């Protein structure tokens, strides 16, 4: 099954592909790689899921935010490349959680994005290396920010 | 206009290229890429701009610190490569702000570096992907730390 | 001296190669590069060194934790590639310290990993670019998390 068909079968809505909030490109092609800027959890109305995980949001709400970041990255890839089928595989994900000082379930939270990518590109090509970490703060108090590196098909 | 001429036209002084503060190289060439270590805002006298943005420094001072980090990266590139013209384009910037817990204007701060790179290499080649994030702490309480990836000309 | 012999001469024990704590691969080969996920300081019994550096652990204990992360990365490389000789050189290290708000010796801490890599692959090939930064929190309150990029031999 193609990535585009796999995504369609999930019955999930893509948010609008976000416009850069600063001086950067949403994604950039470099040879057979696509670098993707740090993305936030953009909702269909264009707003962001905000709050600190472990204080304002529980870990399940944090995981849902990470999935929304994944959808936002898919929106950028779709807008830039025309189809998710242009991506061969996930190389790397940097999952940054706006977390309380004593929060420790960052991998559980970032799985929200990783499970989405795995469903789209499959359990081999959809899963790359990853770091899951807790930030002191994030732009606009967004709950999760994720940057990624993909290989083109 | 070449990058070297564009930089000269800005009438900005480069700080001294910093010596590594630990066991790492300031930059490393890998094929057609140049990886650049995390750099701080080094002033012409070799000292660092310190303090937490949103508490000790306001966002404009934070942006000025990020521009100084950009100048410090240019100093490393110049010392290592001989000329800014050896760089074709910016691939990726990771902008790390030593920010107060409730700070949210990280993209505004990191624009200080990104606008400098855009002025040097132009609005296409000078702008890459980016993440702008808030750290719990940075070495020596520096205000901003930025690492970058460039493509060689 | 080969990397494998250099490592043997250090008389250090490798911890068990950690199983992923989430949806990611411990490492991934992409052309002539090996991307390595964020690793923690795994002890021989499989537990993690935990605590915040500058509060629960002093900087020397933090450096020891970073060395243990380095050993854990070597365990993953050995399990995945069969030998440390399959690595030509270190390209990049991202050293993330679970640090107190007022901690500033991140480079000293991350040297614990960098000095290990330098001993294994030598002072040229064992040392790459690096950022050393302080996180708001890390998974399971681990003291240090490090991700890395290597070039294959």
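Every chain is named by a letter (A, B and C) in the order it is written, and numbering of its residues begins at 1.
The working rule: contacts are C-beta pairs under 8 Å (C-beta built on N, C-alpha and C of every residue); 3 or more make two chains touch, one makes a residue touch a chain.
Remember, predicted model here, so these are calculated numbers, not experimental data.
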Problem set entry | Equivalent interface positions on chain A and chain B, same or different at half | different
For this session: In steps of 5 degrees, what rotation angle do you get fitting chain B onto chain C on the CA atoms?
Result: 120
Problem set entry | Whole-Å gap separating chain A and chain B, where each centre is the average of the chain's CA atoms | 25
For this session: Hunt down the residues of chain A that sit against at least two other chains at once, touch-wise.
Result: 94, 134-137
Exercise. Where on chain C is chain B touching in the complex?
Worked result: 91-94, 97, 99-108, 110-111, 114-115, 118, 127-137, 151
For this session: Could you pull out which chain A residues touch chain B in their complex?
Result: 21-28, 30, 35-38, 94, 96, 134-141, 145, 147
